[in-house]
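Two complexes are shown next, each including subunit A; its partner changes from subunit B in the first to subunit C in the second.
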Partner chain A sequence: MTTKHVNRLLLIVALAVAYVGVPLLFGGNAYVLGLIVAALTIAGVAVAWALLGNLGGMVSFGHAAFFGVGSYTSAVLAMKLGVPVFAAMLLGGVGAAVSSIAMLPALRLRGPYFALAILAYAHIFQILATEMTPVTGGAGGLLSIPRFPAVFGVDFGEKTGGYLIILTIIVLSGLAYDAVRRSSWGLALKAMHDTEVATRVVGVPSTHLKAAMLALSAFITGVVGAFNAHFISFLEPDYAFSSGWTVLPIAAAIFGGYRTVWGPVVGALAIYLLDQLLFKPIMPHGHQMVLGVLLCAMILFSPGGLMPALRRRAAKEARHAHA
Partner chain B sequence: MLELTLQALFSGLLAGGYYATVAVGLALVFGTMRVINLAHGELVLLAAYVAYAAETNYGINPVMAIPVALVIVGAASALVYALLSRIHQDREINSLILTFGLGIILTNAILSIWAADIHSTSNAWFQDSVVVADTLFAMNAEVASFVGGLVLMAGVWWWLNHSWQGRAVRALSSNRAAATLMGVNPRKIEILSFLIAALLATFAGFAIYTGKTVFPALGHVLTVKAFIITVLAGMGSIPGVLIGAVMIGVIESLTVTYLSASLQELAGMILFLVVLFVSPSGLFGGGRALAR
Partner chain C sequence: MLTLEGVQVNFGGVQALKSASFSVGEGESIGLVGPNGAGKTTLFNVISGVVRPTGGRLDFRGASLLRLPEWKRARLGIGRSFQIPRPLGHCTVRENLIVAQRFGAGKKDPKRIDEILDLLNLREKADRDATTELALTEHKALEVGKALATEPSLLLLDEVLAGLETNSKRAFMERLAVVRERYRLAMVIIEHDIPTIAALCPRVLVLNFGQIIADGTPDAVFRDPEVIRSYTGETTL
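Our next item is the complex of A and B:
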């Protein structure tokens, strides 16, 4: 079997476990399932962040902006205009993608300038959400946001239903990410990562491609934010635009490997569950310190993340076995 | 109305003084290493908390705590450098994320040691008010920090322009390869820039603790503010950074006076974006090397 086949097989097994195994195992345990849903919410943002970083070559410190815009768009559409919740969730993603248009001027900025310009947007959006009281409910927030409805006998408003929704969002995002990476766009973006000027010279519209990546990343983040709003049924500006929606996904993506498609998902599950189950009980205050330590350790010792490191190791052992 | 405006301008000017001490440190390090140290604001915060700990636990005047804070912040800053200098692959992205992670560690270390409460000095002298020109009010601490900050920055400015090592810092900022060929040891100069940044950060931490309030989340805010200021000033010169810092200070205090305190950060952010988009090399031209 080639590695391609192994990878496909792994993916199918993982999907089977995720769709059938996890609900069967933890369906009755609301606490554990709640933790997994929260971890997957982080994972969704982590995939979107990694997509922008890997394909677009842009580090964002403001993905909370898209998360917040997506969640508010969806919540307001469902509450004030009666849009069906699933449709509102997708429109939340559209809203976030539209908000990325405001960031187009930032695309010509590089490195830290881009990263912090996006952070500035996140702050500005948060303040706007706080000040636009008639629409967003201001600092008091929105209460009793409609939950997901029951479809075909499955109640998506429950924990298990919510789990299936966020899982599907992540699977589809990952597949879309993979498809883009394999397409000619992916090739052009990879070339851009090496030398942007040379790539422009041969006729690649690099700014358009970057804008498309930003919009795609914003869309995914927005949908995840919208999912979260309907899942927990509550929003306030400080929560929806919290820097946690930026910090945790970055840690997850770096930990899992931001140059891989599924690494950020594995990273999010590992980091969030470790944080909540292990570190939070040990040190209630400042347990995020561990995230910082992990982040620094990964950058220093394995900048490609955990997944590539494990794979390298597996390959090494395989070679030894053959020899 | 006029009095209110004048008072806002005056308060903004004083705030700009300590913002500048934070921003110059960030710009110095950026000059020599081409890295934005996202943990810089946390270093400032660390100094402020050392002053706080010295005052509450041992009853030491915050001024006397400066040497202790200097040693601790200097060590932390050197550690940031030691870790940063190990990064070779994808330097731009990885060094951003590394210093971001270091910032998280420092913030949470401070949070777990000193809790999330808001602190400021209990020394009455710092909080006594002084009246300037009959109508303008300020706290002793604000005026003292402003003057002290100016003296410190003037010292760094002189050092950059007239000492051999200061010139080496500027040489490294403007052309790394050429500076190395001329006998500048880049590692020595880089660590020197981190130590000077630590000196400025320590002073800024003292200024915040005596003149404002400190809380763990402040570090991140300071980093962002310092970055905004260096963008306004174009990483160019110390006087440029000072002007950028005073601009931010004044705009913030005018916003607080005439609009609302919750919009304080918004004003700076919008100014930042406008400058980035209109003139990415800053308001004062595309100067790269510090001090000109």
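Our next item is the complex of A and C:
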């Protein structure tokens, strides 16, 4: 069996566990399922952030902007215009992708300058959401945002239904990311990191490709933000545009392995669930410190993150087994 | 096919190109020589779009190139190599060619990729990391290969033979001659080695202080007193 077959098999098993095993195991435990949904919400943003960093070569400190724009777009469309919630959620993603157009001038910047510019953009959107009171409800936010409806007897407004939605968003995002990574676009994007001029003289429109990655990353983040708005049914600017929607996904992506497709998902589940289910009960105050130490240890001992470390270990064991 | 008229480039207070004017015909092979700092690479950078000129005219097949970015010029048929090889990062040799073909020529043609690999003697290294696992000759060959994969009609080669020892240089020259015949390309080659240029190119341009000071056959150009003076300060070479 080749590595490709093993990976495919692992993905199928993981999907079966995620779609069947988790609802069966935790369907009756609203607290744990709620934590898993929260972890997956972070995972969705982490996948989008890693896509931009890994393929586009851009380190963003402003993904909270896309999360906030997606959540407000969807909530306002559903509440004020009566757009069906699932359609509004996708339009939330489109809204976030459109908002990324405002950030296009920042694409000519590199490294910390890009990071700082996109952070500034995030603040602009937060201020807009606070000041556009007639549409967004201002600082008071929006209450009673429509929840997901029941479809074919499955109530997507409940915890299990919400879990299935965010899981599907992440699976589709991961598959889209993987498809781009494997395409000639992915090759060109990978090549652009260190040799942008060399790629441009062979016909690669590097700025267009980076803009497309920014839009795709913004779309995914916006859909995740929209999901969250309808799942918790409440929004306010300080929450929707909170820097936590940037910092936690970055930590999750780096912990899990931001150069892999599924590493950010594993990272988000690991750090959030460890924090909430293990560290928090032991250390109710300051439990995040343990998380910080864990992240530092991961960066020091396995800079590539958890997924590459697990792969190396599996390969080592396979070699021992053959020997 | 390519016409430059009064092309100027200023870098701050430094005038890298004063007023460069010449044209290149379809299928023509031209050697571009000149002392260090004469502006040869700047000229390639202007033609390929890496540097914007501060003045002058630049036409390719009757249309101005001045407003076009590098990638559009590549798609029009202008391929180039870099003096210091720039393999595409994190890619194998084959992937370098695939990216160039997919974006520069707008197609997927694995046969043509294999043909280029064979022509440039890179077949054995096709799946190696292009940044870390190639020798200098192979890096230089890959520079040519990337440009060829875009299916150019004009190939700009910036010192692709520099740094190669005699046997490698001879073999590389033979490959370039085959490439030129196979794809019926126009070529402009920057090279310091006069016998090499004379062997490859029936026409030579000499650039000095950002201006073309001679244009003709190798024999005529290398006997020109102004060319000799530009290289040595003397009137005999």
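Here is the rule we use: the second predicted complex is superposed on the first by the 311 of 323 C-alpha atoms of A that agree within 3 Å, B and C clash if a C-alpha of one lies under 4 Å from a C-alpha of the other, contacts with A are read in each partner's own complex, and residues count from 1 in each chain.
One rule holds in what follows: a residue touches a chain if its C-beta (ideal position, glycine included) is under 8 Å from a C-beta of that chain, and two chains touch if they have at least 3 such contacts.
Since the model is a prediction, treat every value here as computed from it, not as a measurement.
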Superposition on subunit A - do subunit B and subunit C clash or fit: fit
Superposed model, angle subtended at subunit A by subunit C and subunit B (C-alpha, nearest 10 degrees): 80
Partner chain in contact with A:79 - subunit B first, subunit C second, else both or neither: neither
Subunit B versus subunit C as contact partner of A:130, first or second or both or neither: first
Partner chain(s) touched by A:270 [first = subunit B, second = subunit C, both, neither]: neither
Greater subunit A contact set [subunit C / subunit B]: B
Subunit B and subunit C, minimum CA distance [Å, superposed model]: 12
Subunit A residues within the subunit B interface of the complex: 53, 59, 61, 105-106, 108-113, 115-117, 119-121, 123-124, 127, 130-131, 243, 247, 250-251, 254, 283, 285-289, 291-296, 299-300, 303
Subunit A-touching residues of subunit B, taken from the complex the two chains share: 36, 83, 86-87, 89-90, 92-94, 96-98, 100-112, 115-116, 220, 224, 227-228, 231, 262-263, 265-266, 269-270, 272-273, 276-277, 280
Interface residues, subunit A side, partner subunit C - complex: 184, 187-188, 190-195, 197-206
Subunit C residues touching subunit A - in the complex, by the definition given at the top: 48-50, 69-71, 73-75, 79-80, 82, 86-91, 95-96, 98-100, 102-106, 108, 146-147, 149-150
